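One structure coming up, written as structure tokens, with questions to follow.
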């Protein structure tokens, strides 16, 4: 029984990096970045191909970060240097990446069971070998998500991180502080898409497959996770933002799982999920109002 | 020292709204001067500021700061030696960040924004002393989000932030216009205090003729891109608002306002 | 807030407990990728196949049917649900569901039986606790049928989804065999269902003599609107299975997906009864293809059936 909860939480954690990424671009930079729909499968595509070629699965984590960062760089350059609107810049990158991903891994690329992933490779088995695969997936994913969160939170405390937050909060001030806000935006996109691709890498290893359609709707999912998370935890101070979006991601997956488990008519799945979101958001807003009334 | 040399600026060239605002416009501001610029809307006073800061391009001419022509320098690079306080209190600070974080940002102006810790708590004492100048009690509210402060408080913080690091000169862009009379008075007094204490060169654009007369060492009135009054030193000290107002009305009548 | 989530989770626990309680019937989880006629037929056939083998629903087995609404992520969570609840067998209908079930069954002893994967080799789903029946297209037979019914035809138009591996490999086969029948293929790849009708328009104006469908979920999903256009232009459409001919395609060399499902059901029954182990059953393809025709559509397109085709063909009840 708890296994269902474990697998649902794992699903939420797999997408935690994607939520961090969208948190950075959407919440902090106020930049709706559709390239996410392309950089997520990009991470998965390079991971699938690398694993099939015997590359160390832990190394694929780093490589997907880098390729994702490159994708973000492209969007940033298109937006800042070529002055294309934020939404369109992301769409351009996303569309281009669709073809690029097909070139890298074809339309589908399975990862054979014999191939080691971060969930089954030596070092993981050495430490967690006594646990079943389901629990190993949970713990390894949790470690990656936690590491990313800690690094991200630390980054936001640095001067560069502070400036990044300023760009999204008041970009005029950044110019007045003699810094190029365009460069900071590009930096934000680079970090964000790197994280998104990392999510893609993890999902590919967990599912043992790359599919060229796996990026569709990830931006929408990420937005939902960020909005649910930040609404539920509105009163907490900034640093908790990263925690909030991870929980938002888990809550989203949990809502779907609840709808599945309730055994209700299959076609109504999406309607039920939407209703659950609505309930959560309303509760979040109510608690915010109650707080202000108390004060 | 700031020199605007032979500035020509035409708005909307080639359209029905074409307006040649500045033609061979010249202005020199010496170190240590506190210049007030007044004029009706469209007289070009805000345009001067934007030309200095690089927000708008010029067709011809030079903008020279301490002997260096910065006409080709990008806007954000110009702010290395310029501080600016805007009319809208919301533009000078980051609302979702605390006073401490805002001050830390401003403190780092001109230096590298790298991976060292953003908020240097050791400097908190310095920030408090800076805020104490304002006399508004903000030095005890370092952890408050700026968005929670009133317009006047935000503008005061913006003023301190703009003047925290060494500047060549300070631009004040109608910075009291959006405040109520009482708060505006406080900000104006603070501005004067800060400018005097730090010995800054300042250019202040304002609609308030009284401030223009009472504060600063030089008064300029603009009309349709030209300077019609330019008084400094003793002459300025002996000016009163009536004289300025009279001239203001005269040029307005001439324009048919 | 957290209390409410815990409460909801608690309800989930109760439901799931009730579901996998201590009842004797085995639990079969059906993970169907989405609802359209062919996939529904797979499911109906699968259940039929279990019953043909003597298993009775309610007594010997219970079913948990979920469809993923053509959403990969939901297919993954459905598979996760089945795996966590330790169902006795997973039935996966269509490739994305099969991939998800296969991943969820890793390191567990849950056999997976798939229905309707065109190329199990390419999908990596041939061994390791998985088996099933492939709905590989009878490309050669279809081309032969087209050249028989339309001897003057030169070009065959095909719309397919770029990311569906089944479609990509089918196109490759079409293009390599077409010349043998005096035909050339004009194929357009799309990325989403919304682009399909546009692609059809392009092919119509490009002057194709007929259309042929693959088992492409996106194309089949909008078949009625495609038929509206092609009927107006007087261009026949050859389907890939019986349901499409029922909807209005002129003819098809195809698979009866109910029969396909039955074949999978038989495999599943053998596994559940303990007669065979899943790894001992290699995946199968349908042995014989049928020819389905829709007389009304044929008449509309002015196509007359040669006698030898007429005798072999199965008339499909027109709409």
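Note that the chains take the letters A, B and C in the order they are written out, and that residue 1 is the start of every chain.
As a convention for this text, a contact is a pair of C-beta atoms (placed from the backbone, for glycine too) under 8 Å apart; a residue touches a chain by one contact, two chains touch by 3 or more.
Bear in mind that the values here come from a model prediction, so they are computed numbers and not experimental data.
Chain A has the C-alpha centroid lying closest to the overall centroid of all protein C-alpha atoms shown. Using the average of C-alpha coordinates as each chain's centre, B ends up farthest from subunit A. Our note on geometry: subunit A versus subunit B, Cα centroid distance of 43 Å, whole angstroms.
Each chain gets a centre from the mean of its Cα atoms; for subunit A and subunit C, those two points are 32 Å apart. Taking each chain's centre as the average of its CA atoms, subunit B and subunit C sit 70 Å apart. Taken in their complex, subunit C has these residues touching subunit A: 1, 4-5, 8-9, 11-13, 15-17, 19, 32, 35, 64-67, 69, 71-74, 76-78, 80-81, 83-86, 95-96, 99-100, 102-104, 106-108, 122-125, 128, 162-165, 168, 191-192. Subunit B contributes residues 74-80, 83-84, 86, 90-97, 101, 104-106, 108-110, 112-119, 162 to its touches with subunit A in the complex. Of all residues in subunit A, only 1, 3-8, 11, 98, 102, 106-108, 110-113, 132-134, 206-209, 211-214, 216-217, 221, 232, 251, 253-254, 256-258, 260-263, 266-267, 269-270, 283-284, 287 touch subunit C in the complex they form.
Subunit A contributes residues 155, 157-163, 165-166, 169-170, 172-181, 238 to its touches with subunit B in the complex.
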